[in-house]
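The two complexes that follow have chain A in common; it is paired with chain B in the first and with chain C in the second.
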Partner chain A sequence: MKINYTKLLKIFLISIFYFVIDMVVAYAHGEKAMEPYFRTRTVMFYDVTWSTDNVKVGENVTIEGKFRLHSDWPQAVDDPDVIYVNQSIPGPVFAKIESYLNGVPARQSFRDMEVGKDYHYKMVLQGRVPGNHHVHPGIAIKGSGTIIGPGQFIKVSGSQKDFKFPVTTMDGVLIEDLETYALADVFKWHSTLAILGIFWLLWWVWRPLLIPRYQALKQGREDLLITRLDLTVGILLGVFVFVAIVYNYNVQANKYPITVPLQTSRMYTDPLPVADPQIKINVSRAEYDIPGRTMRMWVEVKNNGDNKVRLGELTTANLRFINKSFGHAMNNVTANYPSEHMADGGLEIDKDKYINPGESHKMFITAQDARWETERLTAFLTDVDARVGALLFFYDEEGNRKILDVASSILPVFTDDDGTGPSYQRIGR
Partner chain B sequence: MIIVTTNKLHLYLKFFLLYSFLLVILIPKSFAHGGLSLDEDYCVLTVGKYEMHFSGYQPENNGPKEFCEDIPETGNTIVVLDFMDDELRSLPVEVRIILDTEENNEDLESITVYKKDYKIYKNGTISLRKNFENKGKFIGYVTVKDENNFIISEFPFSVGIERKSSSYIYFIILALITGASLFYFGNKIRNKSLNA
Partner chain C sequence: MSKSESRSFFGKIFRMRSEDREILKIVGLNKEQAGLARYFDFLVVAAAFLLFCGAFHLHVMLSAGDWDMFIDWKDRQYWPLIIPIDTIMFPAAVQAAFWYYFRLPIGATLCGVCLLTSVWIGTYSYWHLWTMFPIVLNVPSIIIAGCILLDVILLIFRRWIFVACIGAPLFALTFYPSNMAALTGYYVPVEHLGSMASMADVIGYTFPRSATPEYIRIIETGTLRTFEGTSVWVSGVFAAFVCIFLYMLWWQIGMAFSTVKTWSQSPKLKKYLGFKG
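For the complex of A and B:
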């Protein structure tokens, strides 16, 4: 019977249709799926800036900032022995031109990062595909995955046809567009090898398949499994593949006599030199008020320095809670910082004041926002590692900043809006 | 040799397509009602172009367990609405819980059992506390004032009424159809092979 190809095509298209109607477009990068202990106690991003939020195809945008590797690094996350400075974008919509960690080119991974220390990263991306893209910095940790920093929408305008990626090689050869460079060779090799692979597959599909082979084996006739013809075809194919590889290797070696192999070494950089903040913090209790979407912390701060300091900001999992009554803290918020990472209500501190040198001061910190829930940061209520971490930013009277990382076990509670209410509403006490 | 004849190939393809079609149409994404739906494990309330995350709690009975739509028991209940769109943080929002009379009632006030007046929630979260003393059906009634427009969303929910999930019925139907199809097409293929 003849195969009706039109019918087959129709069936194929209907099948595709079924898949398409159930598809949804994903805009996020999966960060919400990561456990809160990962997002609040590993790579703590701060001072993130994007040079612009609007570029044309072929124009550059620079993303830079700092991160601290939290001192209370979770046991469930591999230590940052090997990390890679990365960007998190929806596909290859930007081309990465440069990247650095503490000024060292970050083409390769870095080794032996130090927990509790700070690093500076920078990357330059070039607009490639028009659209409004969410762009995050990211730090990939070997064995654990990529932790994503704050994201900013960057609009890329123009036409993708205008994108060119010129590169000059070490021996001075100008490649006009890396996007299309030697693409014909790539297609040629892939199609050649694909054809050979398909031929070899079809050859054995065409030969007697499983049951005849099983029967032959059962009857002790292994000699029937591979015929003289199979052997001839196999040898011919092997010889052809070998000759093709040797021949083309020589052709390519003559065409590109100077090559640099892919680099596998790991880079190292010392952490940023950060002076001892001379502040000691003891978190005596932390709780999360479930209906209030509020994290509360009771802390005791001991100022061992020579200058008065005051708490200005709490940041965790890319959420920033700013002490809005404190000018130095507000000055640290850059214009156009993405609102999705700012808690509108800010940080509330009872007994908010400058802490004198040598003084111990007890404070009650409240950080309320719906984003605890919508960013799925409340899984610590059910996690095996029910601890929450954060960075606290203190400022002296001159506006000099001191950063401390804190962490504490956290308890879920139910309280009324005013913190009172029937006793049932306070669980965990 | 290829043993499968083209005739059978067509039958297999037809069967595969029927099966995939049933999979797509019979397994809906959510089994919720009203303005609430389950989206990527979120309980989402749609208010015009905006979305809110809905959570219900009964800490006395169920600790921190979260409910979407129906509240299992009478008693002290907390409902929290979290804004998923930042624009909502600058808009006045009113929330009511009204009795579900299953009739068009012009006088909203007379059937309102709980009300939070228009207010701007800059932290993006609203929590409602209500002691439901009796079982019954209610409607959550959310109004957002967007310039001069009032965007209203209603979400019916019950208190203390056990709602048994019927989603397993879809899977039973699917299994029965799959079995019947296998039987039908299997017979057809066998008969054709015998006739050939």
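For the complex of A and C:
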């Protein structure tokens, strides 16, 4: 058969092309692959801040924010019995210096988190590998995986060679760089054992090997195959190895007289104290208009508090829909917040107004954005759990914020004609 | 050694012992045949080395991977239990084949050297060069000491049942000290964010693995204690016990896999395959 080299070359180039495309897509950290019920009804990140977007190697960046564990926790996701304050970065491009949950050091995992409650996390990362890295906070839920918060590109400049991580042990020994700690001992001991092993292999391999040995064994000449010298060398080697283990074990035990086992306790913290928002929300219907890439919600808001409140923001799956005509809502967006997480069109509210104390107000909310598609949030159409959730931010006249988590079944609308929402007026289209 | 013999392929690289010349003589290989047999040896040795590097590494990664991969997984309970139990399988099987057909007591050591080679290639290339983790996070365990002892026991007693009863427990019990002979430094205490941690914990925390949250670690649970206040030797003795039977099982598996089995003795099939009638 004649090989068609041009064709082979073509196939090769096309594979390289797709490989490169895949690498570009991989910048998204895989959160798009997660089911919408996971991303809209579990860990709801808000108020995320990155202290800077430009650090040198060895400089720190602080990421902090809050999250609400959604009350409508999906049945398909394990309850947040054990969680870990995590981060999503492309490999160890940052060293993690500190992390906290509600101020408690988050060195280890936390247990018994409460659904429907808020928590505050903070982590300090130190630039290690130069590059432009996408940095997300994340909360890992045991049994379900890590749910990733919004991401910000942080540029690390300088040279990785300058990265040093000094640590002082409890007996006061300063280790200049954690990255190379005790490696000399490891290399020495591993190569000692490797040399002994290779010596033993060569001792046998240098002699006539497979075919001659097989034939000689068939003739019953085991005496030629294993001689007195072989036996002596073997016994000496065995004794030497045994003595070397005992000797080196003791050398190390004397060098490091105080050791402790790996530490594995579970931490606990109470959730953040949050006042009752005194707002009741009833979602009458939620639709997703597929051709229009729009989520529509009919809600009834009952204000049981003493102050007027007005809806300012809907946030879900790290996408923020802001009521742009409302100053307090706009003020809540930090200046350098990554635009990829902001819905361009914002949040449209029919009958947008301050709801008086005691008043019950019906509203129609429209959240339109192409990111519903590009973020693959419309995958609820193929999921077992076709419900979506969100956080709604209300503000009173002074700008005090009240956060509510809402969830509802969502109905797909496949055609361009009007949906079948409750009888009051709809905006848009 | 005659002049012509020393110029043969054999003689150029290795000086032969008198027993070796005797072997060639009784087997009836002339100079040329002995040279060819030597080429064959090298091909098989090279292929076997690569094969066991790949196969044994894969086996360990799939069955006990994390304990071998990460420094902050090497606990006192599961690590000295799981790694010996998991790593005695291949050495036992390879020992069986090498011993039964060639009387070579090197099967276990070959496996140990292969595993060390491949884990270090892995640690250095994909953990360190590619994903930029410092080597301290991925210091592997080492089993060569136990492997050499297995081979030496086989050489001394020449019966696999003795290796199972003496060598296998020795393999399991020497695992922990033979690793701590290099790793003790990773267990010195450090004050970390207000609590005490071992250096290994700090390494695991500082160089974050985003897809491996802390709770995934399976380390020391329960109230297993000996007089020394550590569960190491309880784990070690249990591993030794399990290793006895696993060694027996895998010796038999090694024997079964090194036996030639044919499907059909049909003369017709033989003819198609090019054998005479």
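In the analysis below, the second predicted complex is superposed on the first by the 324 of 429 C-alpha atoms of A that agree within 3 Å, B and C clash if a C-alpha of one lies under 4 Å from a C-alpha of the other, contacts with A are read in each partner's own complex, and residues count from 1 in each chain.
Operating definition for what follows: contacts are C-beta pairs under 8 Å (C-beta built on N, C-alpha and C of every residue); 3 or more make two chains touch, one makes a residue touch a chain.
For clarity, every value in this text was computed on a predicted model and none was experimentally measured.
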Chain B versus chain C as contact partner of A:Pro208, first or second or both or neither: both
Chain B versus chain C as contact partner of A:Gly345, first or second or both or neither: first
Partner chain in contact with A:Pro412 - chain B first, chain C second, else both or neither: first
Which partner reaches more residues of chain A (counting touched residues only), chain B or chain C: C
Chain B versus chain C as contact partner of A:Ile290, first or second or both or neither: first
Touched partner set for A:Thr374, first chain B, second chain C, both or neither: first
First, second, both or neither for A:Pro105, with chain B first and chain C second: second
Touched partner set for A:Gly358, first chain B, second chain C, both or neither: neither
Overlapping contact positions on chain A, where the chain C interface meets the chain B interface: 205-206, 208-209
Chain A to chain B touching residues, read off their complex: 1-4, 7-8, 11, 14-15, 18, 21-22, 205-206, 208-209, 290-293, 339-340, 343-345, 368-371, 373-374, 381, 412, 414, 416-417, 422, 424-425, 427
List of chain C residues in touch with chain A within their complex: 13-14, 16-17, 19-20, 22-24, 26-29, 34, 37-38, 40-41, 44-45, 72-76, 101-106, 109-110, 112-113, 116, 120, 131-136, 139, 142, 144-145, 147-149, 151-153, 155-156, 158, 174, 177-178, 180-203, 205-211, 213-215, 217, 219-220, 230
Chain A residues touching chain C - in the complex, by the definition given at the top: 82-84, 86-89, 91-98, 105, 107-109, 128-129, 138, 140, 142, 146, 160, 165, 167-171, 173, 175, 178-183, 185-186, 188-190, 193-194, 196-198, 200-201, 204-217, 219, 221-222, 224-227, 229-231, 234-235, 237-238, 241-242, 244-246, 248-249, 251-253, 255-256, 258-264
Chain B to chain A touching residues, read off their complex: 1-3, 5-7, 9-10, 13-14, 16-17, 20-21, 24, 53, 55, 57, 59-60, 63-64, 76, 78, 80, 82-84, 86, 89, 122-125, 127, 129
